[in-house]
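One chain, chain A, appears in both complexes that follow, with chain B as partner in the first and chain C in the second.
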Partner chain A sequence: MMRGDKGTGLALRYVAALAITTIFIFPIYWLAIISFKTPNEIFAFPPVWWPESIQFANYAVLFKDGDVNAIWNSMVVSTVSTVIAMLLGTMCAYSIARFRTGGNFLSDWLISNRMIPPIAIAFPIFLLYVKLGWIDTYLGLIVLYTAFNLPYVIWMMRGYILDIPIELEESALVDGCSRWRVFRKVVLPMTRGGMFATAVFTFIFAWNEFIFALILTRSSVTTFPVQVTHYFGVDSTFWAKISAMSMLGMLPIFIVVAIMQKFIVRGISLGAVKG
Partner chain B sequence: MAQLAIHGLRKFYGKVEALKGIDLDIPEGEFCVFVGPSGCGKSTLLRTIAGLEDISSGTIEIDDREVNDLRPRDRNIAMVFQNYALYPYLNVFENIAFGLRSRKTPEAEIQKRVSAAAEMLGIEAMLDRMPRQLSGGQRQRVAIGRAVVRDARLFLFDEPLSNLDAQLRDGMRAEIKRLHQEIKKTMVYVTHDQIEAMTLADRIVLMRDGIIEQQGKPLELFERPVNKFVAGFLGSPQMNFVTTRLVESGNGLVLKFNHGRSLQVEKSREASLKNWIDKEVILGLRPEHITRYVTADKNSHIGEKIAVTVDLVEPTGTRTYVQFKLNDEEITAELPSHMVDKPGTEIDVLVDMGRILLFDPKTELVIA
Partner chain C sequence: MTGVQANTGTGNNRPSVWMRMGSSIDRRFKYYMIFPAVLIILLIGLFPAVYALITSMQGITMMEEDTSFYGLMNYKELMNDSRFWESLLHTMIFVIIALPAELILGLLMAYLFLERLPGRQVFVALLVLPVVTSPIIAGANWRLLFDNRYGPVNQVLGWITGEPVTILWTVDANYVYLAILIAEVWQWTPFMFLLLLAALSNVDQSQMEAAELDGASFTSIFKKIVLPAIWPVMAIAVLIRALDLFRLFDVVWALTRGGPGTTTETVSMYAYVLGFRQFETSLTSALAFVVIFMLAVTITLILRRMEIDR
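So, the complex of A and B:
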């Protein structure tokens, strides 16, 4: 046992841990508590730390007005674009990693795409989308988010694939597998942890993306971050709606991360080779 | 009829030629071992047979069918890798069954064959375990099981014992040999360990720098090497090499050493050495062909006597390795234990002149 694990040392550590946790948790707590407050309590001073009674009215109004559609839109766009980006990206990554497609430069060039400031291409993309008739459509956002996420997926998956001992694939080839079967039976199971981790980040990117969602949507496929901005007005700002909507927007991410967390274990590849 | 026939095989990596024209015929049922120092091309050769590497020119035939352009899975081979290559997410049973499943074998047949393979390798109790729960030796057994279950025409082993510790290696080596005797399939085995090569092989293919230096039965290579490299590679401790001069003395031909020492060449060899008189040659001398000369029982000694000063004594228990200098080259002799106890001792050693080899210093080929 370490010396610091007893007495005052331990106490100090707990105090420090508690303080840090509080600092991190507080904004979320405050956001959550606002969503359950009455308008008076929201602006009360001194602040109301815990409301008299928990109000669900702020949520009810979002459902009644159909604002929650934004969550559904976000869900569709994020999920579909993540799935497509993962499928395409993993196959591209396999090709780059194992067949040296594009030599040394293709993967570097791909990741450099991710370095473009989105705003720099916002205007050309807007014009293009007007031409294509993709403004305010699922298709438009899905294609865009897939394109944005592909370099990231390829880059990450390439790393995970290169980590697979090549003998596992060679052994499968000798044992009667085609390349496709090697991909399904060896590469996918071996990179499962990395795939889930990459997918989570891809999903979060699409979920949180704001600028293009703002520019390329009008009303039918408004995503959740754009919907939140609708509550900021010139004359008044609907803090209760903002907080309720934000809470609804945070939930799916919590759920996704919570479910994926147990898969995001890299220990899966232990024991493949001498270890 | 050769089951595996390789003709004029070349392999380039860019401008580097890894295999420089390999010709090899391996008959059915033979255990053939590719051996050589690292970088000699033995693993590359094995991988070209497996189809994991393309070849630049030449042909590879398995069962009289050219397989140059066949994919690995169509060559009907099974391969065991150095690092086992077990799928960590599958249990032992599924690992062994993997190849059968990719070939769409019926389930009942899979059960039967996996059980048989597991029984042969003594891993029946581990079929439900995951690879990470196994020791190195058990993992390699599973890897071998995955190969034998397939009933392939040709078995390839790529340094399968290199990751095991020494004790385990000896045991597994014997098991692989027993396995070969049992299933009688053609096996090609790559190793850098000459003991493995000597003990396992029906035929050794000794390679260096992308060419086959010599191939044949283990003892043939050991006793009749064609050049200095082969002579030095096989045998432990290594053969000793001393540069010396062949001169004529009143009594025939002798090899001259410093401090006026010399060794008399056997009469039977003199004819073949005629052209080498008064020239430099390299003497090759195996440690086990040197013994200590003890005056008391003169009759039991064969060979030529020479006086040396011991400068290093290495007892191993069963034998003692003794080093001394001859023409400033360090020579190792393998003597029975307790024959020499400490460095500095001046002794007479006997050299078995019937077993010596003489090499051309330029070409390093055997001259006699």
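So, the complex of A and C:
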């Protein structure tokens, strides 16, 4: 079809693609550029699209005032909960994938856990945490995010494990390996790519989570999304801090995601699309 | 369960080393493997559910620890609570407008990027970024963009209309919905786009070319060949987004906090206010169950409609 117009067609599509991508990236550009502006430039009317000079004072303030603690808290909570969820989740996934443990019931129950709206269980969890003394502790958030991520990890890892041929495990068994050794020495290395991809999304979930971080923390383990909302005051909004803090929180995710390109579609579609 | 059975995804009757190795330790192995994960999910999943079920039939509020049994009284009160129904309506407005908008825009974008395009990889990589941004940060970001004086949205609208625009996006009741919808669609259209692009890339090219040679129109090719092929992925994408939209919280919180008044209050936001501002423990629990019940019914219906229920 339309062989003659191929050049024009391509050029048009290119312009459209450029325009659409620009529109979608512009909000992030704007946030980034605010973080480099001076207060005068932030509150200039009409708004300034490119600052006179790139300066890092807004970031320096976050470090000086100790606001970056929130990034550290997010890092601790996300990393630890991801590691635990990956370990326990992959074990569970192996059992389900290879032994059909629990049948359809277990799988259905696991996936249904992911569909419950967080706010529906927020209040009972809050009361449970008050009783346990887990409010505003690393432990509390880590257990919570581990539990939230487990169904996802199990679901995804089940898919990745089913992708590897069972013969390898069988020959390891013939060689006299124990089940646990087969899992550690055969299954884990074979699914490394899938584990890494799944871990990235688990990490992102914990990193971006807001409602529970808001409800279950006070001041000592505030995570970065909650910290950003603190800058929206009743009568003043700290633009410089909002933008600089958001950038600090988004950059690590953006970098990891850029590396993970080929796993993204499978990761965000709950494995429905094998990318 | 019939002992240890391998789920290979291929044939069933393999000469099974897998089975012969089944000593008693092996048989218990599979349960050891699921135990820790199930325990943690039970702690965070089951306890709150049971607790909520019990308290939803009691009379606990900030003022009193009334644990006597009231049956369905709280549910009745909720059914008569106009603020609850309004929050449900607001949520449905977001679902009904944002979901098709994201789907259609995502599909158009997927078509645009389907064929060879120089720098396609870079474009797609950039379009991923909104999806992995924390929703609360996305909301905060849009609040700065929508600022009536220092934000670029009004500035650009001013350039287009040729006169100064001073819309109060996050305060003016006429614009708050549009503001939230823009932020929402901005963040999640790329999600639809990524999934649909992957699905479209898998559509059988030769079948489409054959239909084209036969002189089939674009619409009929789309209906007869493309749509059936991408349907499973589209259904999953719509389901994931519908569930997420139903619990919409972060973006609204960042942009309007449900305001002005309760104009943009969603079910999730109302549940938050009820539980953590007014401390209506029992009523909040009842609301949680109503929401879970409605979701369960909706999901079942959707799955049946879409015929992806296996």
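To be clear about the criterion, the second predicted complex is superposed on the first by the 250 of 275 C-alpha atoms of A that agree within 3 Å, B and C clash if a C-alpha of one lies under 4 Å from a C-alpha of the other, contacts with A are read in each partner's own complex, and residues count from 1 in each chain.
Note that contacts are C-beta pairs under 8 Å (C-beta built on N, C-alpha and C of every residue); 3 or more make two chains touch, one makes a residue touch a chain.
From a predicted model like this one, the values you see are computed outputs, not experimental measurements.
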Partner chain in contact with A:189 - chain B first, chain C second, else both or neither: first
Contacts of A:13 with chain B and chain C, given as first, second, both or neither: second
Touching partner for A:222 - first (chain B), second (chain C), both, neither: neither
First, second, both or neither for A:21, with chain B first and chain C second: second
Which of chain B and chain C A:117 touches, first, second, both or neither: second
Touched partner set for A:174, first chain B, second chain C, both or neither: both
Partner contacting more residues of chain A (chain B vs chain C): C
Residues of chain A at both interfaces, chain B in one complex, chain C in the other: 170-171, 173-174, 268-270, 272-273, 275
Complex contact set, residues of chain B against chain A: 50-52, 71-73, 75, 77-79, 81-89, 98-99, 102-103, 130-134, 136, 139, 146, 150, 156, 163
Touching residues (chain side chain A, partner chain C) in the complex: 1, 10, 13-14, 16-18, 20-21, 24-25, 27-28, 30-31, 34, 42-47, 49, 88-89, 91-92, 94-103, 106, 110, 113, 115-128, 143-144, 146-148, 150-151, 154, 162, 166, 169-171, 173-174, 179-180, 183, 204, 207-208, 210-211, 215, 225, 228-229, 232, 239, 242-243, 246, 249-250, 253-254, 257-258, 261, 264-265, 268-270, 272-273, 275
Touching residues (chain side chain C, partner chain A) in the complex: 1, 4-9, 17-18, 21, 25-26, 29-31, 33-34, 36-38, 40-41, 43-45, 47-49, 51-52, 55, 109, 112-113, 115, 117-118, 120-121, 123-138, 140-145, 149-152, 155, 158, 186, 189-191, 194-195, 197-199, 212, 232-233, 236-237, 240, 243, 246-247, 249-250, 253-254, 267-268, 271-272, 275-276, 281, 284-285, 287-289, 291-292, 295, 299
Contacting residues of chain A [partner chain B, same complex]: 165, 167-168, 170-178, 181, 185-186, 189-190, 192, 268-275
